[in-house]
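Please find the structures below.
Across the two complexes that follow, chain A remains constant while its partner is chain B and subsequently chain C.
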Partner chain A sequence: MKDSSLWEQIKGHDKTVNLLRGVIDKKRLTHAYLFCGPRGVGKAKTAATFAAAINCDQACGTCVSCRGIQNLTHPDFHYISPEGTQTILLSQVTDLIKKIHLTKQNNGYRVIIIDDAHKMLPVAANALLKVLEEPPERVVFILVASDMNNVLSTISSRCQRVNFSALKVEVVRDILINDLKISKDKADLAVMLSGGMVGEAMEIASSGLLKVRKTMVDAIVAEKPDTARSVELASLLVAAAKKRTAKIKKDQEIEVKEAMSFVEGSRGAATIKRNLETRHHRERARVEHRCYQQALVLVASIYRDLLVLKENADEKFIANVDLSFELKSAKIERAQLTSALANIDEAKQRIEQNVNPLLAFENLFFTLEAVV
Partner chain B sequence: MLITLDQGSFLSALQAAQRASSTQSTLPILSGIKIQAEKDGDLEIYGTDLEISVKSKCPARVEKPGSTVLPGRLLVDIVKHMPPGAIEIKTEEKANNIEIKSEKSSFKIKGMQPEDFPAFPDVEAKQKITVDVRQLTDMLKGTAKAISKDETRPVLTGALLQEEDKSLLMVATDSYRLAVKTVPMRTKKTENTSLLIPQRAIEEIQKLLINESGKIDITSDENLMAIKTANIELISRLIEGQFPKYKQLVPKETTTSAEVNKDELIAAVKRVALMAQKNMSIKVSTDSSSINIVATTQGVGEASERVKAKITGEKMGEIAFNAQFLIDGLQAISEEKALFEFTGPVNPGLIKSIKKKDYLYLLMPIRIS
Partner chain C sequence: MAYVSLYRKWRPQSFSQIVGQDHVSRTLSNAIEADHVGHAYLFAGPRGTGKTSTAKILAKSVNCLKGSTPEPCGTCESCKTIMNGTSLDVIEMDAASNRGIDEIRELRDKVAFAATIGRKKVYIVDEVHMLTEHAFNALLKTLEEPPSHVIFILATTDAHKVPVTISSRCQHFVFRPISMQDMAEHVIKVAKAEKVSIAKEAALVIARQAEGSLRDAIGILDQLATYTDKSITNENVVDFLGLVDAGVIETSIDLLISGQTEGVFEYVESLVQAGLDLRQFVSSILSYSRDLFIVSQVKTEQRLHLLVSPDKEVIKRLQKQAGQLGEDRIRSFTAELSTLFEAIKSSAQPRLAVELTLIRMMRGEELTIEAMAARIESLETQTNKPGSASSATIPAARIEPPRSGPSESAPTKAVDEAPRRTPAKDNTARDVEVTSSEADLSSPETKAGLKKVEEASSEAVGKKEGNGEVTLDTVKNMWPEILSEAKKKKLSLNAFLIEGDPLAITDGSLTISFGSRAAFAGKELEKRKNAEILKAIFSEVLGTKLDFSTIVDKIVKEPVVAKNEAPKREEKQEEGLGKESALDMIKESFGAEVVDKKT
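Our next item is the complex of A and B:
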């Protein structure tokens, strides 16, 4: 059967997609689902497609209902994601509940997606629980979570669980190359470094971090420590992160400008602007933070490659294939390699604790070179 | 799109639609207004915040049909400041650039895709209530203030419109007071329609009816209600759930009844309330020929007034009410005189209309500390 459907755009989750399509075909909807699995594998995208399919069997992607769900103007569709720094607030849930207590506009289902549901504040989760305990008719909740430890068991027990696994390397590669038009070399590296998370792989590929690798490898395999080089490396990594956030900021400024030209002068304009800017600020902070974590993954990948080579394992198991020549020239002991990995882990924790990233990186490279 | 229309009628149609558009959403398109010109038709203007939707019409000469979504507030401002007379609206074929021109001025603004604008909802007229505009206005005025703002009890955040035998009722309560306005209907209904209308819609319907007269229809299905004047159609969602059985709250008998001039009592309460504490509490009592009102503020002073009244039944000791709530109830009485009834200091007070018996306002007392 040839059909054009939003389902076709979901890659690597055939089993899950079949299960969900079966639910639609057999009209066996339950009132709440919990989509769980690793971050960045396409859970939210699948949730939005499922939401579309609930009111349009084919999830055609082009009818009024499907388009309304995609651009959030469907009258009986609500989407919530963290509006607090890292949390879903009580006010977001009470606002949702208020909407649920009004009649639907269409005759289909009311669908609610709660993205990053593991970030719901306990008070918000408890407010939601009351609705899940006595669900209104013809309402479907889709909760999306990547950290099951932070989902209240009282909530998860009221939802049908739908599991997502990490994507296979080939699938991520396919998405990067064919859907996101990222060059093959970059895609391969990004896939290796991302651990099967499309979102992460995409960011790595476009981060400029990959370019820093050569300098990094040179520094690591060098026989003499060089303070200036360490300082330069640290500043390169921080600059890569800043460059990314600067680019995002540009897009955000355009978004604010467009939104404001539309609401200028209306009563809530100032609030809308403030909300938008707070959200943008948080997004940038999140991306910057993730850039640093990715940089550390990159550094670690080099040491891991060196370990692989030490074990005389096949070259195809190393991540930085393009730099294998340089890597092979390294004269570093096994013990030194493992202690370097421990140092990287420490740096990761420091950055999580909000230590100045430049200092943290400088510190890391001094230590790493001293190890040799 | 290329159309010509009159500034005055365009402005009022725009303002009607703009009231429905959202001031809070982070989705810009919901603060927009959609305008749509069909061949040989009026210009149709749409606004929505997804809770209520308004469609208004404005006569126009349509040379080239078309549609677009424009920033609501900006558009209203532009049209408001144009001189009376003809306005021309023109869109460039591809880019969604719109030009609005009067005799002397011209504005260019960027529009959004009309396809992205939420569709105007469909209401199947499964039920229909036909009511006199003046009577409906009285119902809305008499009950709107009693609507609850407490979102933890959603069923109280609107007013109930209910057909009952040969009358139509509107009821609202915030659990401190209950207001019931009744109007007689000529025909007995077989099916008694019951709509729980959100506060937001109540407010907008009041504005919609300001310049209307004659009869008006309220149609509804399971999901939505619609009310339509010659040029404006308003559609609202309803509140889900069961409105409380309020009739059992209304006492069948009371022990004290005071017939009083409504305006005199309102004026007296307003004056005394100036001396009331922050919670606006005033004390009411009766003697053989009057209602007495007292308010005290610790350390500031006391105010009291005596309003002549025809008292029947027992003498009433002191009972405390919120002054503003009391005024709200009295103001909804359309006759010169009102009945103010009590059953001791802990039971609710009752305000009623005397002649038409079309209004009832139940007011909970405040505990006297």
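Our next item is the complex of A and C:
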């Protein structure tokens, strides 16, 4: 590995990284941290690196401990993420609490990362409270949350908060182009649309959604509502999401096949297969869900561009640069923008509440067109 | 020994060390001194206000080997074991992870055993609100009359989740959020003991951020000590907590006053680039607008300590900005920002929401219901004024018949939409109607599409009139009767006929026109069966034989309106689409009769 430390791989969070490295260097490690900040800026990655650094001062990335943490095989490293489709379950937390008191290997630290901690069910979060406040010696919790409104105040008050901010545009672009090998045009567009969230930008760039924007703009800009177009648009968005899950499904099938080749014929094979498939199913549902959220972000971005144009602001603020011609033809009132934004947020909520996405999108576009 | 978080290290060890809960600590110390300690306590209050700490102190106090005292020695065996959590007499139970009835039964079985080295057995049940309903009920009897050597202390942040049957058996102590002043003092005290230098201002910022929770405050101090190498300034705190600098907010208010909407994007962009959280920004600007509000309301100097930042310089600038904005705008700002603060939490595009609100605030556009109502009212008076500008330019707007639009399309919408619809093809259809309702076919308003037929018809009218035969007028007058007759004879015939419009009579043959949408109805009418019935109806109603033919207009057709009904509807229209007009609409569209009316 080229880099001398895992820390070097974290981009754009210099201040935060310095703080965390300082904690290790000065030996002022406390027992609970809460990493908070927008989604997809590298919180979980930083958390994993911090976990490595707790057990290996340099976070070298090559020693047994570091590799164990990176591969999730370290015996004293626990990574918890939502196992329900949307939630971290009570059983996950109680299982964890049982393990906390076990003796540690090599007299090191036990590090627990709870990813998406804002998705902990209230019962689960409450069960964590006591142990989070006064855990056994050499146990460190790292909670990662992107939505502080859903983290209990009793949880957050027991942790040291580490804030993450959105990344600078250049940093995101750099990551997309150099690390993820995404073409420059696409990267630029994705960066503008994501507003500084690498994860988001990455997904937008690789989703088939960028192509749909033209139709979206047409629908929004059009003077007359066109039911057929709205229906088509909604189905396009849903199709894009399905396409993405189909792609994942292929990889998952290969994984199942590989796993099965190891355990074929042994007694637990059926259970292993079933568990794997349940996990895969949940993963697909999550990806699909994310895809819809991004589609909504794109819709909102178009309205933002319209607002920019409306206020005669600098055109560098337009996200959908390639469509600026179409955008300019739009006639829209500010009040309409407000209600459009409200509609989009409503659609977001509906989809979060498991409304059939096709219907939610159709409804959204119908109302949006009626507004114009 | 490993590093211990400051908030654990600085847990109070005696009643005198508890910060900001005098009402609790005094009551309890007096109770201990007077030997009046109860058997069940319920400690409730927000996080970080000292519930668990007080419970532990109480446990130590009653068990201290040097005798019951509000100042436990901290050196005897009992105190020591309680402090490091190994005491057999003080059982700290986590009700959130042991929330079932089984755990409570187990506890109930054990309460009978006497204390070992101390005098009392103390059960601290933390997070008690998480117990299940059955668990609570299983506890009731024990809680009311426990053995004399047992004290229960229940602690919770959500007192409302504790059943009343439980809380009525306990002495209830409410812990208050700790005041900023107390908290800042304590932060400074801890910092001093930890050999960390901290500015008084910085301590205040920390105290404000902690929102009444001492644990939060000490936690922040702990972090800052690591972050800044033990000398904490105000800037450090603001920077570290990702707080929005007062300067940034002031700039934003200046921007709002300037009204340069195009600058908003640049400004928000700079916020995002600086890595500020937009939610944090909104909450800061909201509290700043509170300051503005206070300054605009409070005239006396000494009351200004209510401000978030009671600094002379700041106050001067606040007063200037408040003067520029005026009271009303400040109030509407606060309202807008509060809405935004709520909306931004779940927004798909927080940035857009912020930009939009800022721009709206600049324009002084209020989206309040009152403002909307006022606007609607002014629009209504405008349109209702006869001969006013709007009604002159769009004469057809209000004669527009109630169309497919359901009656819930409120009056506002109708008024609002009227001007927009006018230019389109509707316009023609409506004009035709105006004509027909006035029964004046030679009216100059007649549109080109109909001209030819109409010319023919007006000629025909002239010709027939002399012959004493059926004229178009009579047909039109009798049209409702024809329709009702058709309804009696054959329902579908009525349905088809309703779509048509008697247009002209030439050589004893009536031309009925159909809108392009209703072309199908025309065709159906021409079918032999229907045609025969219709002709029969004509001769019955009109008294003479009358042939007929159908044509299809290229123009969208409104359902036919008989002459005498038209003006009535106009009135209705003016009143808005009330219940009556909805009924009319139904009657017309379906050719229905009102049999019974239930309200």
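Following the convention adopted for this analysis, the second predicted complex is superposed on the first by the 294 of 372 C-alpha atoms of A that agree within 3 Å, B and C clash if a C-alpha of one lies under 4 Å from a C-alpha of the other, contacts with A are read in each partner's own complex, and residues count from 1 in each chain.
Simple rule for what comes next: a residue touches a chain if its C-beta (ideal position, glycine included) is under 8 Å from a C-beta of that chain, and two chains touch if they have at least 3 such contacts.
No experiment lies behind these values; they were computed from the predicted model shown.
Undergrad: Touching A:223 in the superposition: chain B (first), chain C (second), both, neither?
TA: Touch status of A:223: no partner.
Undergrad: Quick check on the superposed pair: does A:297 touch chain B, chain C, both, or neither? Answer first, second, both or neither.
TA: second
Undergrad: With both structures fitted on chain A, tell me whether chain B or chain C touches more of chain A's residues.
TA: With both complexes superposed on chain A, more residues of chain A are touched by C.
Undergrad: Between chain B (first) and chain C (second), which, if any, makes contact with A:154: first, second, both or neither?
TA: second
Undergrad: For A:94, is the partner it touches chain B (first), chain C (second), both, or none of the two (neither)?
TA: Once the two structures are laid over each other on A, A:94 reaches both partners.
Undergrad: Counting only touches as set out at the top, which of chain B and chain C does A:72 meet: first, second, both, neither?
TA: First partner only, chain B.
Undergrad: Counting contacts the way the document defines them, which residues of chain A are shared by the two interfaces, the one with chain B and the one with chain C?
TA: 94, 97
Undergrad: Along chain C, where are the residues that touch chain A in the complex?
TA: 2-3, 5, 8, 46-48, 85, 94, 96-97, 99, 126-127, 129-130, 157, 213, 215-216, 219-220, 222-223, 225-227, 241-242, 261-266, 269, 272-273, 275-277, 343, 345-349, 351-353, 355-356, 359-360, 363, 365, 367
Undergrad: So in the complex, which bits of chain A are touching chain C?
TA: It is residues 19, 22-23, 26-32, 37-38, 93-94, 97, 123, 126-131, 133-134, 137-138, 149, 153-154, 156-161, 163, 165-166, 168-169, 195-196, 293, 296-297, 300-301, 303-304, 307-308, 311-314, 317, 334-335, 337-338, 341-342, 344-345, 348-349 of chain A that touch chain C.
Undergrad: Quick check on the complex: what are the chain B residues that touch chain A?
TA: Of all residues in chain B, those touching chain A are 22-32, 50-51, 71-74, 77, 110, 112, 115-119, 121, 151, 154-155, 198, 222-224, 237-241.
Undergrad: Considering the complex alone, what residue numbers of chain A touch chain B?
TA: 64, 67-68, 71-75, 94, 97-107, 136, 258-259, 261-269, 271-272, 275-276
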